[in-house]
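The same chain A turns up in both complexes below, where it pairs with chain B and then with chain C.
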Partner chain A sequence: MHATTIRSQRALAPVRRGFVRRNLPYLLIAPSVIMLLALIAYPLLFALRSSFYFWNLQVGPEPMAFVGLDNYVQALNAFDFRAALTNTLILSVLGTAIEFGLGLTIALVLLKALPGMNVVRALLILPTTIAPIVVGFLFRYLYDPGGGLLTWVLQSLWLPVPAEGILGSPTTALAAILFVDIWQWTPFFAIVLYASLLSVPDEIIEAARLDRASAWTILMRIKLPLIRRTATIIVMLRFMQIFNTFDTVLVLTRGGPGTSTRTLGYSLYEQGLVNFNVGLVSAQTWITVLIVNIIVALYVFFAFRNEEW
Partner chain B sequence: MTFDIGNMSRRNMLKSASVAALLASSAGALVAPRRAGAEDAKTVRVLSVEDPFFFSMKAMIPEFEKETGIKVELESLSYDALQTRLVSAFVAKTSDADVIAVDQMWLGQYLDNGWIISLNDYIAKDSDIDLADFIPEVLYSSNMWRGQIATLPVAAYAQGVMYRKDIFDSFGIAAPPTKASEDWTWTKYVETLKSLEGKSFGGKPLFPTVICGSQPSPITHMFTQLSASHGANWFKSFPGAPWDFSPQLTGPAWAKSVELYRQLYKLSPPEAINYVWFDAGTRFAKGDIGMFYWWTPYFYLVKNNGYMTGKKSDVMDKYATAALPKADGVAQTVSLGGWSLGVPSSSDRQDNGYAFIKWATSKATQKKMAEWPDLNFQFSDFARKSLYEDADVKAIYPYLDVQYDMMKQGNGKITRPPVPGYTAVESVLGLTLNQLLTGSEDPKTALERTNSLFESILKGNLMIPYQKESFADTLDGAKALIGTLGKA
Partner chain C sequence: MASMTFDGIGKTYPDGTVAVANVSFTVADGEFVVLVGPSGCGKSTLLRMAAGLELLNSGRLLMDDQDVTNTEPQDRDIAMVFQNYALYPHMTVYENMAFGLQQRKMPKDKIEKLVRDAAEMLDLTKYLHRKPGALSGGQRQRVAMGRAIVRHPMAFLMDEPLSNLDAKLRVQMRAELKLLNQRLGVTTLYVTHDQVEAMTMGDRVAVLKPVGNDGESNLQQIDTPQRLYDRPANLFVAGFIGSPAMNFVRAELQADGASLRATIAGTGITFPVPASAALSAYAGRQVIAGIRPEMFLVCSEAEALFNEPIPVAEALGADTFVFFDIASPPVTVSDAEEPEEFRRKGTNRLVARIPPVATPAPNQRLPLTVDLQKLHWFDPLTGAAIRD
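After this line comes the complex of A and B, so read on.
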């Protein structure tokens, strides 16, 4: 019995090894695929199914009726959809562009071997480690019209501050939310871009300098093209993150005054976690997913059209 | 079968060890719940909101544990987080708690969906609950749905007026009355505020009043007191039967209330457009506000410099409370709200849950909560009549007569109807009101637009036409139920 077992094990071993060798790549990525399916595909498909049903937890615990595209029609015709989409696009485009510009500037400064840069690098990462909801509360006090630090700074610089306060006026509230995002996430760009710039070979820069290329030319013609892939990816990631912003909006303005700071993320929060309208929020989720993916697809297409992606 | 350990590879050995460890831990896990089960029977998990009442209730819990031998696992969350967690647990049919804090606006939804149990049977069998001691208006507004008492009130709120005695004395303004009166009207209230316009006090510019402007809930909570006082109804027929949720925002009472609220905003600090509940209260506590109306917990919260800080505010000994004004020729309706405790149907320790609720809402515990000295004495939100006549408690909270008078005029089902889908229509109303405060749009036009949005939302939520059974939900019916259950 013992001998037979060992013989058969030895006979099977090459077969098993061959199977493993042939399928090793699939086996290695299998856990990731299973995780992705469980954590991303399943919720999205569940939301897709729910979006075709009338399912409001305030009215009943289970889906009550198949309603076809009614939830999508309701979502697109909602009183706040247009304002929320416009504000979201403004925040996402401006936020990403400004954070990238400032982050790149800081990264270039960090490359200079100035005294104290190690401390600066360590401090830079701090804002990104704070939860957005905490950042929201912090800025609520900084923007306070009755003695908030930022209000005081603006007044000291003779800049006009609305009587209703920075967060109370439709003209300044969205900019105030944008500023919070820039404060928190510019360091992220700075650190990532700094790490990428470090990988640019010194010899190329030296050669360019010997050819009397200016600092601007070196940046535009050598450094940026060499870090383009990293830059493109973090721009895409931040764009998608800002597109879903809701926590700072919730703490700072609750979408007001009026609809001036309402974002798609805030509307999703309101429909899902305040109104508990599962069907409607599922439709809104899919509309948001489609908008983001169309924008990102266009962005990726234009960013990488001349190279392999 | 033989096991040749000599031929065993290191990998196989590691595998075997891992499986053995997993089995051992699983066996432990299988045994552990049974051992914990015996202890669990002597435990009650309480999930609460972190409103002012929570802190004094928490301080009293060792007494409950001593009296009953039941260990309390108390957890608190913010309003939004609590509702999200509860609904998630209910939908997933998991047992997350044995006692939960329930806002009056969630009651109908929770009971209709079978997420919490009716307490009628428990109350009927309980000879010492003293149900008749509860203020009927409170039970009706916050705890009853379709003839069931599903929760009991741990903190009941009405609305009332707070004003600065020293400022009124200084400018020779007559103090507002402590009892409701035909002469104390909203028109008179605004006139009084206008007499404070442009004035300074103690070297600081004074604002006559302060309002909540933030959407959707804070502004709706404050505005609906004004609209209810003017006789405004949200729907064609609710809470009386048959239920008809056709919106009624185009009525003159709504437009008049909006005009009045706009006037109040003009007399407030401009930044009040972004004020949530506690912003208005803490602003009064700062000392530059003459008079305002708000939920009765602010009767004691304004003693703090900041929100629940325990540090004494500048106005601590300088303010007094008064009755809410009423509208000319309209019977007063005061907004009632607050927090109650209920038992989830998923709980497997419902008896413990009821025991905790009975204890927390009892006269004795509520009195001890009121006498807890921390945070400048932070609890007078009684739903029991007897506590409004208790000399010890009245010595700490001298405004209790005013508060009780407001409670007796309360009707939470009219001011903010706790109907399915309420939050969706509140979002729209809150937004409209917020826009109207800063904009110049005609209230009538804005309200007509909001009425259409209400109708569309309510139709989308299958509320128009209403397809379920109606219930004649009246205060008299509530009193009858209290009598029946109390006598059983």
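After this line comes the complex of A and C, so read on.
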């Protein structure tokens, strides 16, 4: 009895091991492929189908009629679409650019190994670790027209603060949202760029100094090209993240006043989860996906054109 | 072109470690000087000071009698070749070589001509449009050289530029570098830990040693390779220069009428010492005798000073190195710090260079004598050479 069990296990083992060995790569990537299909491909395809139907959950639980491209036409012509697209682009482009510039400056200062830099590095990471929704609430108090700290600081510096509050005025509300993102995400750029600048060998910088290059030339022609891959990737990452800004807008302004801080992300939320207009929001989703992918594709094409990967 | 003077250079790190102390020497215009020494002897630090990449605590650095001690690297007009070449990985060979010229706001056509000339000289023309990553070690090394020579700098600084190459290529590049230096006539300061490289390349060689405090000097001796070999200033230089290294034995000196006799400590081996006023002063005391491997001569048993079994013989073809032990306490270069009991006991392994025909069978005795005229003598306490 005992002997037979062992023998049968022995007979089985090579077969099983052969299967595992042959299919190991597929087995290893299977979980992520399944997750990807379940969480991204399926919803996207579901949304694609829904976008061709009139389907509003306030009217009925099922899609009611095939409407062709009507939802797309309606989405593009909606009162808020252009405003949302413009705001989103302003936020993504300015946000990414300012965060990169500030982050790089901070990274270069961190490299100077001045006293106390260890503490600064540790503190820097803090904003990035706070959930955006919490950051939103934090800034709601800071921007408060009555007693908010930032309002007070601006007033103390004799800078004009709108009577209706920083978040209440169409002229300052978007800038306020942008400022929150910059506050939270500049440290991310600083830390990542700092780490990649550390990997630039000292001798190369020294060689450039002996070649009579100025600090500016060394930055532009040696350091930045050498960290280009990292920089390209985090810029792309942040651009896509800001493009989908939603939570800070929800907490701070709900897209207002008017449409002045409405973003594509917030629009999707409102159409889908407030108005339950599934057909329309599916069309909007696809428009957003297309825009962001076209931008990223162009960016990747130009950024990595001459790169041998 | 320029001369370069190190005047009492010293560097102490904030934690109190003394890296360099009291180093003074001058590299003449167009001269090729090699800094050589074991790890930690401060050779790279000195080179980096010359480049302006490292600050000094004391002393002055002059180039053509101009004080450049506090001049930024950018303003020194010096080119440096780094151990790992430090090529700009994102630039082509051409761009690597042109970069320094572009910083001087030189017109494009002039840059092009200079780079092409240098590439021609270094046989790099085919590779101008490649990036360093696509080159072999030897080619990268040449690009690093090219980057230095296109600028026609006042001086070259080279930090172990050949140490990342394989043995064969290193020998080849050694000769090429030497030729290049003769052709360009640029003042060159060259750092290496390899004494063969130092001996073969340097017009003069500076032998450096790690220092323990700022009262000493790293610089042990600076001289032509031949004089370093023939007349080492102290035990350290004698032991460092030459391969295999010089043999050291302890010997008691006794006055024997007008002449001197030496007896190798712990053995009965005794031999007459050529008369010398400096050595006479050591009569009745212990000294250290230095014997180069080639000073041993194969002889008959009657003439032999040494007649020991040979456990190991290394046949190199042209020569054979034989190793043998004598019952005499060993000598180390840092002898003064050795505890007394170590100096009394132990065996001392010596190496001799003999003609291949004389190679003995394993563990056979080989009678050897020594060319007594050529012996080196050192003071056991200071390590300084004893000479008239």
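One rule holds for everything that comes next: the second predicted complex is superposed on the first by the 276 of 309 C-alpha atoms of A that agree within 3 Å, B and C clash if a C-alpha of one lies under 4 Å from a C-alpha of the other, contacts with A are read in each partner's own complex, and residues count from 1 in each chain.
Note that in this section a contact is a pair of C-beta atoms (placed from the backbone, for glycine too) under 8 Å apart; a residue touches a chain by one contact, two chains touch by 3 or more.
None of the values given here were measured: they were computed from a predicted structure.
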Combined model on chain A where chain B meets chain C, clash or fit: fit
When both partners are placed on the shared chain, which of chain B and chain C touches more of chain A: B
Once both complexes are placed on the shared chain, angle at chain A toward chain B and chain C, C-alpha, multiple of 10 degrees: 150
Partner chain in contact with A:F79 - chain B first, chain C second, else both or neither: first
Partner chain(s) touched by A:A208 [first = chain B, second = chain C, both, neither]: second
Touching partner for A:N244 - first (chain B), second (chain C), both, neither: neither
Touching partner for A:T217 - first (chain B), second (chain C), both, neither: second
Chain B versus chain C as contact partner of A:N275, first or second or both or neither: first
Touched partner set for A:P225, first chain B, second chain C, both or neither: second
Partner chain(s) touched by A:T105 [first = chain B, second = chain C, both, neither]: neither
Chain C versus chain B - closest C-alpha approach in the superposed model, Å: 43
Chain C-contacting residues of chain A that also contact chain B: none
Complex contacts: residues of chain B adjacent to chain A: 1-2, 4, 7, 80, 83-84, 87, 90-91, 109, 112-115, 213-216, 269-271, 273-274, 276, 286, 420-424, 427-428, 431, 434-435, 438-439, 453, 460-463
Parts of chain C lying in touch with chain A, wherever the complex brings them together: 51, 53, 72-76, 78-80, 82-84, 86-90, 99-100, 103-104, 147, 151
Partner chain C, residues of chain A touching it in the complex: 201, 203-204, 206-214, 217, 221-222, 225-226, 228
Contact footprint of chain B on chain A as seen in their complex: 1-2, 6, 54, 56-61, 64, 70, 74, 79-80, 145-146, 162-165, 167-168, 170, 253-259, 270, 273-277, 280
